[in-house]
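See the structures that follow.
Two complexes, one shared chain (subunit A), two partners (subunit B, subunit C).
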Partner chain A sequence: MRHAVARQAPAAAETLVQTVAAGVKYRLLSDDDLTLRGRLSRMIQRTPASRHEFWALREVDLKFNRGEVVGLVGPNGSGKSTLLRMVAGVIEPSEGSIQRPARISALLEPTGVLNASLSGRQNAFLYAALAAIPRTEMAAAMPAIEEFAELGAFFDVPVRTYSSGMLARLAFSLATQFRPDVLLVDELLSVGDEHFQKKSYFRMQKLIGKGSLVVVVSHNLGFVESTCTRGILLSGGRVEADGNVGQIVSAYRKRYA
Partner chain B sequence: MAPTDTHSPHPPLAAPRWVGDTRFLLSQIVLKDFRIRYRNMSLGVFWSVLNPLVMIVLLTFIFTQVFVSTIPNYPLVILTGLIPFNFFTLAWSTSTTSLIDNASLFKRIPIRSEMIPIAVVMANVLHLGVQLSLLVVIGLFYGVYPNWYWLWLPVLWGMELICIMGLGLATAALHVVIRDIRYVVESINTVMFWLVPIFYTFAMVPDRFKELYQFNPVSALVLASRLVILEHRHPPETLVWKLALVSILSFVCGLAIFRRLQPRFYSYL
Partner chain C sequence: MTRFLRELSESGELFAVLLRVQMQQRYSGSVLGLLWALLMPMLTILSFSIIFAGLSGWNLADYGVYFFCGYVPWTFFQASSLNAAESLVGNPLYVTRLPMPSQILPLVQVAASGIDALIHLAILFAIMPALGAPFHPAMICLPASILITAAAGAGASLLAAQATVFFRDFRYLLSSALFLWFFFSPVLWQPASLQGPMREFYRLNPAVPFLELFQLPVRQGVVPPAETWILASAVAAALCLAGSVSFSANRRRFYYYL
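Now for the complex of A and B:
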């Protein structure tokens, strides 16, 4: 499969996303940090702000190329999701820098983007507007999205009535319809039945064939091993290992399983 | 695609990376707000009319039966005060909480978060349209007909919108960092109910406060609307300039505060 991908990719190693010594710092905020009372009492007592900081990522130097399928593995809290968010552009690095292309399609916890009160169709339009997809392009793609998601009559019913599998199908269908340069997938494909997993696998292959970069975060190591061409092992916010997916997965298994 | 200087210690934050159709995005956020607000209301938009209608009936009763007022066309006077006030309070308070209400969106999709408070202010324009049509209907009932001076109304309302967007940007960003801000906004709105000439007229305001009143963007709009609608006159030039000045100042400051706090949003939400 890796060879097939290498052959299909138009430009062999065009870098789409590059991070240089990138780090992401979160502030850990207590309730006192968020209220006027907390801030005032701190000012009066002259206690410094409770600046608990947490570096979710540190010194990350990575290059992601066109046509790659990268699997991020690592234990909980190792920075996988933060890395994905930084690539998606919802977090800017607190130190270092990142370059990324304009059209990134991210499936970060898809249930969070879909609005429970809107129908599948209404959500599709909202998603398109958010994801910088032109209205006309969205309208033209609607039948294809509807068909791929296999929601039947549910497509026009509020999303709050959906099962988790239906949510995942709608989200996947939306995110993969528009041939993004970069597709980010966060723990998604583990949802859905075998039929849909197979379908989504084929669609991902098609996107890779078209030259997209796909980055996957998953605890499903079997899935990572069978889908990805490259693996990155994260630990404590740092890149521990980067390379052939088979070696990365076995390194991860050896250390944490 | 905006390549950043790879060695800069402070990468530009919130670089213009969202390249979508702004009008499409705004219209979708507006629609979303509208659909959600009216999803479980069988009377739907009718509530936008009912609420001010109840207020007019109430205030008209009080001021024609209890405190007898000699102001002519009193229900129209109330309505020209109430509509701008209602719009201001609703638009400002909903945009104040808009970032928190929509956190799930911009924590997952890289859009410019400025769009959210701005779109939420615009979502309220739909109600405004309904309420203004109520004003026209009641006006016709009292023999007040549309005239050419009404062309001032879109200009005045445009400035009011810019002003509220500025306030909304500022308080929405501040509310992310300090969660008491929405209550501060609510209190200011309560104060505004009395400080804006809703059930009294501008002529009743003591002379020494008149100048100051004109700097209140809601009062300025009420005053100008009454001149245009009820007295068929141009709003005074100084009043228009004051409203423009306050609106632009509000927008510029609001955007500056928003941009300043923007890098913190992710951690605070």
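Now for the complex of A and C:
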């Protein structure tokens, strides 16, 4: 059930991402589903394939506008990350539809995308290629990234030697350097120390000032409340409430905390 | 399908960076670096040549050149498809966390194997004088031979990458099949040594025209006949078509299997 919370965005705001009755269905796959051997033995024994399906998202109607900083909140398994991945374009809706711009900067599990055997600097070029940022642009931005990430001499050392906080700082610096139209962040900001969280907060504010759309998934409610302009509460794959971030966060706290 | 090609044409820089990362990891990761890349084929060719030339009573130098000519395209194709089979399941986060065209990943493996193939060819050219094998004008056609083999490798790599996403044990099946196929293909043995009906049947092996694109110009000094070019191109085109059409159709489902 959707709470009656007024939308914050003014009517004239430019919509960058829109979902219409979008849903994502996962099929739970066992090892037998993923091997030829398993499939064959099933065929011979005439046991039907397992059909454990569940909807990670259902009937999601949302509009994301330029200039908004949206915080997605909800308990584990509520569909926050799936929604973010659908917006990022790595997963297509199983039903309904989604419209999104061609270029989206997504920071979804950034540590997984960084290549452990490359240095911070080399990873920056790899990231630029993955995010379709021209090499010359990345080279020009390199001093700023190096400074913001505060890695010192580690910037030229393979990232496998980094601590998780260092990795997060590098990834955040890379993803927020280029003012993308849409920036998606999945549980990243809570990793850095307080000093870096302050810095990232100001960096976010700057991005917003440039008219970007930022969508954040975080369990750090304090951060969501202070950074976001709009909150969306997800529960069981459905949008339960959408509107003023303060109201959304307190609604979430009342129900789940 | 048009999206598949458009994304490829727009991703030249990403392709180059991923290829560079791949080559860096392969060749600068160890002390011997590039030397490993030279050592492995040299050892393979030397040991196989000594054993098989000895068994067949064939002149060792001539056998070495013949085997090397087949070894280059064979290894190119085999390494492309086997490494491509790992390319999506080995980098699941690229597919499930980044909005990037995933067809790049298997194709980078083809390019990397292509660079290896060029290194192998360079070794062959370097040792040919020592083996008493002359350079022939017909060898001018080798760039075309490499391109057609690369196309076949690209198609096969797209197929292998998808198949491994849906069936994780496909790579073992593929490497076993390639191993068997190697011995049924005229790389170690010459077609002239076949007896009876096999003399005609061996040509049904789709690897044969590809091997001839290298064996005929380098060892015999003749440009392969039109029939060989057409057959190899047809097989390569069919693989490319099957690979890219099925990849376009299946890519939306990769996420759920990775």
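The rule is simple: the second predicted complex is superposed on the first by the 245 of 257 C-alpha atoms of A that agree within 3 Å, B and C clash if a C-alpha of one lies under 4 Å from a C-alpha of the other, contacts with A are read in each partner's own complex, and residues count from 1 in each chain.
Keep this in mind: contacts are C-beta pairs under 8 Å (C-beta built on N, C-alpha and C of every residue); 3 or more make two chains touch, one makes a residue touch a chain.
Everything numeric here is computed off the predicted structure, so don't read it as measured data.
Under the clash rule set out above, the superposition-derived model of subunit A with subunit B and subunit C contains a clash between the two partners. Look at A:213: by the touch rule set out above, it reaches neither subunit B nor subunit C.
Once the two complexes are laid over each other on the shared chain, residue contacts for A:34 go to subunit B and to subunit C alike. Between subunit B and subunit C, B touches the greater number of residues of subunit A.
In the superposed pair of complexes, A:20 makes contact with subunit B only, with no contact to subunit C. Contacts of A:90 after superposition: both subunit B and subunit C are touched. When the shared chain is aligned, subunit B comes close enough to touch A:98, but subunit C does not.
Look at A:132: by the touch rule set out above, it reaches both subunit B and subunit C. Once the two complexes are overlaid on chain A, the subunit A residues touched by subunit B in the first and by subunit C in the second are 26-27, 29, 34-37, 39, 85, 88-92, 104, 106, 108-109, 112-113, 115, 117-118, 122, 125-126, 128-130, 132, 134-135. Partner subunit A is touched in their complex by these residues of subunit C: 10-11, 13-14, 16-18, 21, 24-25, 29, 93-100, 166-170, 173, 252, 255-257. The part of subunit A that touches subunit C in the complex is made up of residues 26-27, 29, 34-37, 39, 85, 88-92, 104, 106, 108-109, 112-113, 115, 117-118, 122, 125-126, 128-130, 132, 134-135. Taken in their complex, subunit B has these residues touching subunit A: 1, 3-9, 11, 13-14, 17-21, 24-25, 27-29, 31-32, 35-36, 39, 104-111, 177-180, 263-264, 266-268. Put simply, subunit A touches subunit B in their complex at residues 18, 20, 26-27, 29, 34-37, 39, 85, 88-93, 95-104, 106, 108-109, 112-113, 115, 117-118, 122, 125-126, 128-135, 158.
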